[in-house]
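After this come two complexes, each holding subunit A, first together with subunit B and then together with subunit C.
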Partner chain A sequence: MLINAIRAENLKSRHSNMWVAVAVLPLLTAAIGAIIYGINASVSLYDGDMWQQLWLQTGLFYGYFFFPILIAICASFLWRLEHINHNWNCLMTTPIPQSVIFIAKLVVLAKSIFTAQALLMIFIIIVGKVGFRFEQPIPIGMLWWLFMGWFSALGVAAVQLYLSMKIRSFAVPVGLAVCLCIAGLACYITGLGSMFPYSQLILGLSSQEKTLPIDSLTTLVPMVVFYIVFFILLASRRLKKIDIVAG
Partner chain B sequence: MIVSTENLSKEYDGIYRVNDLDIQINEGDIYGFLGPNGAGKSTTMKMLLGLVKPSKGSIEIMGKSFNEKNRQEILKSVGSLIESPSYYGHLTGGENMEIIRRLLGLPRKNIEEAVHIVRMEKQMNKKVKNYSLGMKQRLGIAMALARRPKLLVLDEPTNGLDPAGIEEMRELVKTLPTKYGMTVMISSHILSEVDQMATVVGIINHGELIFQENMSVLDAQRQPYIILRTSDNNLSCQILRNMNPLRTGDGLQLGALSDEQTGKAVQNLCANDIAVYRVEEHRESLEDIFLNLTGKEMTL
Partner chain C sequence: MKYLWLELYKLKHRKVFLTFLVILGVELLFVFSNYGNNKNFLNMVSDPAAPAWEDLIIGPAAINGLFFPILAAVIASRICDMEHKGNTWKLLECNNQNRKTIWFCKFTIVSTLMMLAIFIQAFTIIAYGNSVGIVQTLPVRTLLGFVLGTAMITFVVVTIQVFFSLVCTNQLVPMSIGMVGALIGFISTLLPPGIRNILIWGNYAELMVLGQDTSSGNLQSSGLVVRNINFIPLVILFVVGLVAYVVFRKRFEKYEY
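Take a look at the complex of A and B:
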């Protein structure tokens, strides 16, 4: 059942402009990171871990804003499909549990987030190897960052997917994401990072510092899982309760 | 009984837009669901599909009461097309059908058959956003047929079709019960459309089911009658008074007369020096019956 629904969602997202966003935002991020790194490198002779340095500069805007906004855009794209051309009618008259409908979309969103993460990683490697000719070996820790960044973003994905399901507009949930990012930043600074999805994401991405403390991990992982489950339940409850209005 | 509702009602903003419907649809019926704009047809059909939650009353479909527990089981055998066809415009017709196939876990054969029934084989590689409205409508029907439903719910499926398309749709719907064992509920505000295919008619007006009968009962009500126009209609009324004539605008109306009775009446008038201009046989149309029931003209 779930597998079938995911396969259907995969097909729906084919040729979607969502993938343009998934490719462009990491590219933009890597470009900005490269410029900042370039400016800094020309004034100070840094001789530590070059990769980590480049990585830190790149990750700054990405974690605080670009990444959550990309997730919001993808979530809006995924639901826009259903909000237009009366697709709600068709979707809700298929014999599929409401939760499965939401989970299938969450899986596709998770896939696109992972793609964005992987692309950014590749772009960073290109910038380091080709742009700045780093001699140091590519740190294997990048894979850990790739995974943790992806995983810790899933809470945000669940929230945004819920918002975009509920709100017919494409832009409003993205705007809300910007506000929530600021709240996330505040939580992160005050040390409540693992409690709030938008700061969980910052925390997860900061595993580039090789120092994501293990006690932070033990609260982060259950909290991410909590938000995922919570919003799946919320979404499925909503779909069971409301009158479907197709547009 | 495929569909049976009891006191089915829906309230919007304090007004019952659908009020106490007891709809009964038997297996193999083509149930023509008629009503003017805003009568509550779409709302009723959405309730039957679980899209809209009833404010009151209950629904039974194929013997199962429509609730969260039975929802999936019921929807497996119900195909539908509500208001406007659903489609993913950035994908081809074939991909749209494939989505349905995956969602429902159907064999490919079902898709081929459904596409064949609506004769859309040649359009499968075209993006749906480039389809005409009629093609979208047919794709929507193919999607509804793909699961080989026991019950097919069609809400104004001829909307936006040209006369040829309407005729084709009518022919298609007529074959579904006999050929595929389906029961069809089809809504319309065009009476003549339903007149020629429905076996049962339900008429809804201001949210109330004001009529629900077999077509044969309606047909029996539609007795032909005779209209006479003469050189002196008033005098004719006098002369034919034992036939209970009804004086109309420019003539008189007699009930259902046999050939013999008609001949007698005309002879009688001629004998009284009245010239008979016209003898016309009329039959009450479904529109007239509808007008009597709702006091509203049914128009396109």
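Take a look at the complex of A and C:
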């Protein structure tokens, strides 16, 4: 049942503009990261681990603000299809549990997040190897940046999907995402990074860590899982109890 | 004027102003909550020769590049999306409201809200500065320059957002443009002047009226230098924005829904 629901969601998002946004943000992020790295490298501020420095320049603001905003836009897009043309009626009369509807959308969102992360890593490798001709080998830590960045973003994805489901506007959840990013930054600065989804994302990307924060796995992973499960339950409850306004 | 009131009537219960106030409030809270812990700023407060007011102005100036494109995108999308969702274009035209009026009403509301945001920022700067007791005289010209410069860049940003929100049924497009604009706007202080001036949103960095004194070649210098706002790229951008305004309006007038 879940597989069929995921297939249906995949079909809905096929050939959509969402994938353009998913490709453009990593491309721009990598380009801007390269420019900043280039400016700083020319005045010899950096030596040592070049890949880490490039990732710092690229991933810093990406994790703080732009990755959550991209997730918010994709989440809004996935629910937008249901908010228009009376599609709620159609969706709610399909013989599948409400939680499956939400999980299927979460899976598609997770796929788009992973695509964005994978593209960013590819662009970083191109910038490093082709643009700056790094002689250092591609670090194994890049797999952490890719997978933990993706995994920690799933908490944000669950929150944004819930907000986009609840709020019928496309833009408002995106605006809220910007505000929540600020809250996430505040949590990260005060050391409560693993407690709030938007700061979990910063921890997961670990663009500011010299060494990989493996110790944080014990708190980060359970908290991300908690937020995913919590928002799935919250969304299912809402879909079961609240009468949907179709329009 | 009648159509403008009708447009405002349509916004009733849509929580556009609430959204606007929440985003702006978070921005101001984020900016001004840092000053209380900033020792450099607190040292400047009691020194009449120190650029404490300029230091206050660069707070919003640095973060506007992130918030304003998103704020403009959210408001424009919210105001225009209701017409797409309700498919009201033909209905509006049947009610003697031509495309020119629709464009004017939508643009006026978004730009008025954005201007309000700029004035609230200027007012907050003055109120905060007075509350902490800055002894330096308020640099009125610099503050007016900040307001004017922000308004000039925001005019172009609003023009882009309103146009794309009106012509794109799928609001993913204008929101993505807002996101890209925010990315460029936020990073622009780190980009060289030539590059950031070409990028529309990058011009927010021109409003940084205070910078590091790197004249001795020391990039880690903690010395501060007051800078005048370079209005040349802003005026060029504003003129291009005026042309874009006319072109976009004409495109919208001929657009088939």
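Things worth noting here:
In this section, the second predicted complex is superposed on the first by the 238 of 247 C-alpha atoms of A that agree within 3 Å, B and C clash if a C-alpha of one lies under 4 Å from a C-alpha of the other, contacts with A are read in each partner's own complex, and residues count from 1 in each chain.
By definition in this document, contacts are C-beta pairs under 8 Å (C-beta built on N, C-alpha and C of every residue); 3 or more make two chains touch, one makes a residue touch a chain.
Computed from a predicted model, the values in this text were never measured in an experiment.
Aligning the two structures on subunit A places subunit B and subunit C side by side, free of any clash.
Of the two partner chains placed by the overlay, only subunit B lies in contact with A:Lys241; subunit C stays clear of it. Contact with subunit C, but none with subunit B, is seen for A:Val174 once the two complexes are overlaid on the shared chain.
Of the two partner chains placed around the shared chain by superposition, subunit B is the only one that A:His15 touches, whereas subunit C remains out of contact.
When the two structures are aligned on the shared chain, A:Arg7 is found in touch with subunit B, with no touch to subunit C. With both structures placed on the common chain, the touch criterion links A:Thr218 to neither subunit B nor subunit C. Centred on subunit A, the angle reaching out to subunit B and subunit C in the chain A superposition, using CA centres, is 90 degrees in steps of 10.
When the shared chain is aligned, subunit B comes close enough to touch A:Met92, but subunit C does not. Across the superposed structures, the minimum distance from subunit B to subunit C, using CA atoms, reads 10 Å.
Shared contact residues of subunit A with subunit B and subunit C: 16, 84.
The touching residues of subunit C, counted against subunit A in their complex, run 15, 19, 22-23, 26-27, 29-30, 66-67, 70-71, 73-75, 77-78, 81, 85, 170-173, 175-176, 178-180, 182-184, 186-187, 190-192, 195, 219.
Partner subunit B is touched in their complex by these residues of subunit A: 1, 4-5, 7-8, 11-12, 14-16, 81, 84-97, 240-244, 246. Those residues of subunit B whose C-beta lies close enough to touch subunit A in the complex are 46, 49-53, 68, 71-76, 78, 80, 82-91, 95, 98-100, 102-105, 143.
Across the complex, subunit A meets subunit C through its residues 16-18, 20-21, 24-25, 28-29, 32, 35-36, 39, 43, 45, 61, 65-66, 69-70, 73, 76-77, 80, 83-84, 169-172, 174-176, 178-179, 182, 247.
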